[in-house]
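The letters A, B and C name the chains in turn, as written, and every chain counts its residues from 1.
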Amino acid sequence: MAEYIITTEKGKWEVICGLEIHCQIISKSKIFSGASTEFGDDVNENVSFVDAGMPGMLPTLNKECVHQAVKTGLGLNAVINKYSQFSRKNYFYADLPQGYQITQFEYPIVGEGAIDIDLSDGTSKIIRIERMHIEQDAGKSIHDMSPTKSFIDLNRAGVGLMEIVTKPDFRSPEEAGAFLKKLRSIVRYLGTCDGNMDEGSMRCDASISVRPVGSVELRPRAEVKNVNSVKFVMQAIEYEAKRQVELYEKGETMEQQTRQFDSVNGVTKFMRKKEFSNDYRYFPEPDLPPLILTDEFINKIKSELVELPDVKKARFVKDMGLTAYDAMVICENKETAEFFEKAAKGHDAKKVANWLMGDFFAMLNEKKLELKDSPVSAENLGALVELITTNVINGKTAKDVFAIMAETGDNPEKIVEEKGLKQVTDTSAIEKMIDDLLASATDNVAAYRGGKVGLFGWFVGQIMKQSQGKANPTLVNELLKKKLG
Amino acid sequence: MENLTNLTVNESLKKLKAKEISPIELTQAYIDKMADNAKYNAYVTQTAEQAIEAAKEAEKKYMNGTNRPLEGIALGIKDLFCTKGIRTTACSHIIDNFVPQYESTVTQNLLDDGAIFLGKLNLDEFAMGGSNETSCFGPVVNPWSKETKLVAGGSSGGSAAAVAAKMCAAATGTDTGGSIREPAAFCGVTGIKPTYGRCSRYGIVAFASSLDQAGPICKDVTDCALLLNSMASYDAKDSTSSKNEIPDFSSFIGKDIKGLKVGIPVEYRPDGLNAEVAEYWDKAADILKAAGAEVISINLPHTKYALPTYYVIAPAEASSNLARYDGVRYGNRVEGNGLDELYINTRTAGFGAEVKRRILIGTYVLSAGYYDAYYLKAQKVRRLIKNDFDEAFKKCDIILTPTSPIEPFAIGDTKMLENPINMYLNDVFTVSVNLAGLPAMSLPIGLSKNGLPFGMQLIGKAFDEGTIFKTAYQLERGANFVRM
Amino acid sequence: MAVDNDMVRNIAFLSRLSVKQDKLEETKQEFNKILAWVEELGEVNTDNVEPLVSVNNESLLLREDEVTAGQMSEKVLANAPAKEFGYFVVPKVVE
């Protein structure tokens, strides 16, 4: 495993990092109210009296949010806690209508878990999950619409969140990045969160500290809050670790603190410390009795769980002979993996994988299309590969056929038939072409036989041209060698 | 017209169904009586016009036989219940202009059964108090007052006074530490706090979530059964609402109590207990014995810790429940330089002294470093208090105690004012019941030598309001208390 | 455990209430009276006692995931002391 060590003139330092990720739960209504979770609607339109913290309003727990949390916990290979409790986290802020957030403090719904991450050097590492709980999101404050006023929209207030806390197992920015990608992949597979960091449906806080290599102490952490992309998380860790090393090497110390990431300049900045530190006064939410989950409930969800990326990846490697890297790329996205599997069914999986990751994705990119809108269906991609494998067409022809498929959406057999693109595999026909060529290109034949072996390619090219590219290249090579000597 | 307001709800319904009286004249009789409100300050909002319109509709229903269980019965609603389109203030300046866009489940149940609302009734601000003196609209005057103005009890002082002064047929109240029972006792009327979870808390301005319960305050036990039948329901909008089957509470009226075991808790009878209160307690026990019950001694060992337990838990929950009153989405706003100043200015100006006191205590007992010693400790003692009752109810079916250790005192009584704890001590007989989530009723037993009402409390097992109703009915008959 | 003036100010701020300088002493004393009384709870042996979290022991019932509320911004804003363009308005917050 490659180590990420910060080496200076004075010493060697390692980075200790933990992540806290908030994932918005995919559900129709909010976690404690019946208002819609739809993004982008008119201001304060998806707000119920409960969300607005009106007098006498009470929370009711959304069944789907519990399902999604259990699913996610299973996807994290974590313990599902049959007994969990809701708590109030008390503080005042404009986007928090009740003056408290309903969350889970002492008894979260999901306990310890672990997931594997794959690193670029081919190794993998286990990252341990500390816990996961569910809670409500806050509303949105808009500060830049007026010089003296801030505007509050409560549409987001009350949307369900899953908060995942890892143990401080990360030792490099790369590890953190790999974890976030993996987590995103898992929640997208499960359909529990859409994982769009840029839209805010997945948010990450990183806790970072450093220590001299070899020491086991844990120094004060800096918590960098609300970083909204994988790339920025990695940058923030890199920057902050270096900053702390410099600080310590100057002989300074630091306190535990909260920081912000300035993505424009790539630096972390200290967040103003408040006069009175916030004491959240957590206590059990009296409006919600404890949540008790039965084995039945959990097992039903387990049985309905989709195949997760790691399992799928392992299966692709074992059963279909894909390389670990190819399997990882294909499995990152559930839809891609499903498309691939359909395309590869009954065909040469490795070839299909190559076509998928190469020409196929290039085509989608160029046409600016999503996979679901692909003009080339999975079956047709598979059929194309089949034509190559069975020597009906050669590789070069296949590219032409693919281009036509992308334009017309037709199946490859039809295209080959109509355009008469079948590969010429008739040995005698090729032999005749070769004989004709050798008879007419006597100078080159002599030169070749005299030692200019580089000319072989010219001969191949001529036969391919003569056959309008349809001759089977392998056969051409074989026969030419025989006849040229 | 005047003596129509003497009728109980039960008697009124009989006459209405028999078409002997019309809902319009009945409602008008109460509206006429509401002219006395200047004396008592029971109503803080009056809705006479809407009431008459509703009475007209009620009459139609009686005419075509589609009358519902409480059709045409005119009620006063404690101003803690959110009533759609009708100002709801919790008797606090901070929301004295709030008009809810939704109806509480309890008041909706009453409306669905044909009840008519006469107006909103005074209470201690945010239900915090035992004398209805902390209301931003001024204190309620007990209708039993003679030369000196006496308190009506609290927090549902307006409800109890309105019923006693016949300014409504019955009223709704809420009870967190005794707020239905104590004012009922002080005003010589009957009130019941049902088991926690019987009535929905949806739409009731929250004080202490794990203790609050709605209940009726009426002229007598029979009326309480009728009102509770309507008010109680399972409500999916309240996650603490109980699915426990709701019986017809009226069916218990008149049932005999032969062999019923009545428990008298030893710890509720210390040496210093007011002699008159003790005497009435004995009288009540005798009445029940005469009706065939057996009276036994029981123990509730953690009684002395009930008050401090309550005064940790209730303020703690209140401090959190009242955080929403910040002038941003509703209420009276006092501007400030920046968000925190807005909050501080609005809340400091809007909340009264007792509310502020309890918020501060509540914030403190939940704060870091103190949570274990106070809040967590109190929650554990609470379990012991509940266990005490569970044990006691293995030996008896119902528990008999006085409701209040004292008779109604003067408004502005200095002893009460010099130390907030003195007011808190009045709750000694009532708070355990809320801590244990049990049902309890207060009904009048007699008058003190000063001519002021005393009440007796009957505490039942969880969800066993039925035993309370049948026992209370016998006690009421034997006491023969003459209402105002 | 008695509180001092700093603690009162801290608690007041956490509660977003202001206590006037001249009322600080009085508030502190009232506070302390109540706390001393409440301290009696310390006498009770609560070893191995579970805190009472749900008084009627009902377990939490789950709600079906349907959109049943919202689409009523007018009602939500009806009581707002300050509103503009459909938003609630507060003094500008400096992050």
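Quick notes
Quick note on the criterion: a residue touches a chain if its C-beta (ideal position, glycine included) is under 8 Å from a C-beta of that chain, and two chains touch if they have at least 3 such contacts.
What you see is a predicted model, and the numbers here were worked out from it, not measured in a lab.
Taking the mean of each chain's C-alpha atoms, the chain whose centre lies closest to the overall C-alpha mean is C. Taking B-C and A-C together, the chain pair joined by more C-beta contacts is B-C. Separating the CA-averaged centres of chain A and chain B is a span of 58 Å. Spacing of chain B relative to chain C, judged by their CA centroids, is 23 angstrom.
Between the Cα centres of chain A and chain C there is a gap of 41 Å.
For chain A, residues that reach two or more other chains under the stated contact definition are 49, 52, 60-61, 92, 94, 150, 152, 279, 281, 288-289.
Among the residues of chain B, those touching two or more other chains are numbered 98, 101, 210, 236, 239-240, 319, 323, 326, 328-330, 339-340, 343, 363, 367. Contact of a single residue of chain C with at least two other chains is seen at positions 13-14, 16, 51, 53-54, 58, 60-61, 63, 72, 75-76, 88, 90-94. Chain contact summary for the complex, chain A toward chain B: residues 49, 52-61, 88, 90, 92-94, 97-100, 150, 152, 279, 281-283, 286-289.
Of all residues in chain C, only 10, 13-14, 16, 51, 53-54, 57-73, 75-77, 84-95 touch chain A in the complex they form.
On chain B, the positions that touch chain A within their shared complex are 81-82, 88, 90, 95, 98, 100-102, 104, 201-206, 208-210, 236-240, 316-317, 319-320, 322-324, 326, 328-330, 339-340, 343, 363, 366-368, 371, 375. By the touch rule above, chain A contacts chain C in their complex via residues 27-29, 33-36, 42-52, 60-66, 85, 92, 94, 141-143, 146-154, 275-276, 279, 281, 284, 288-292.
For chain C in complex with chain B, the residues that touch the partner chain are 1, 3, 7-8, 11-18, 27, 30-31, 33-35, 37-44, 46, 49-56, 58, 60-61, 63, 72, 75-76, 78-82, 88, 90-94.
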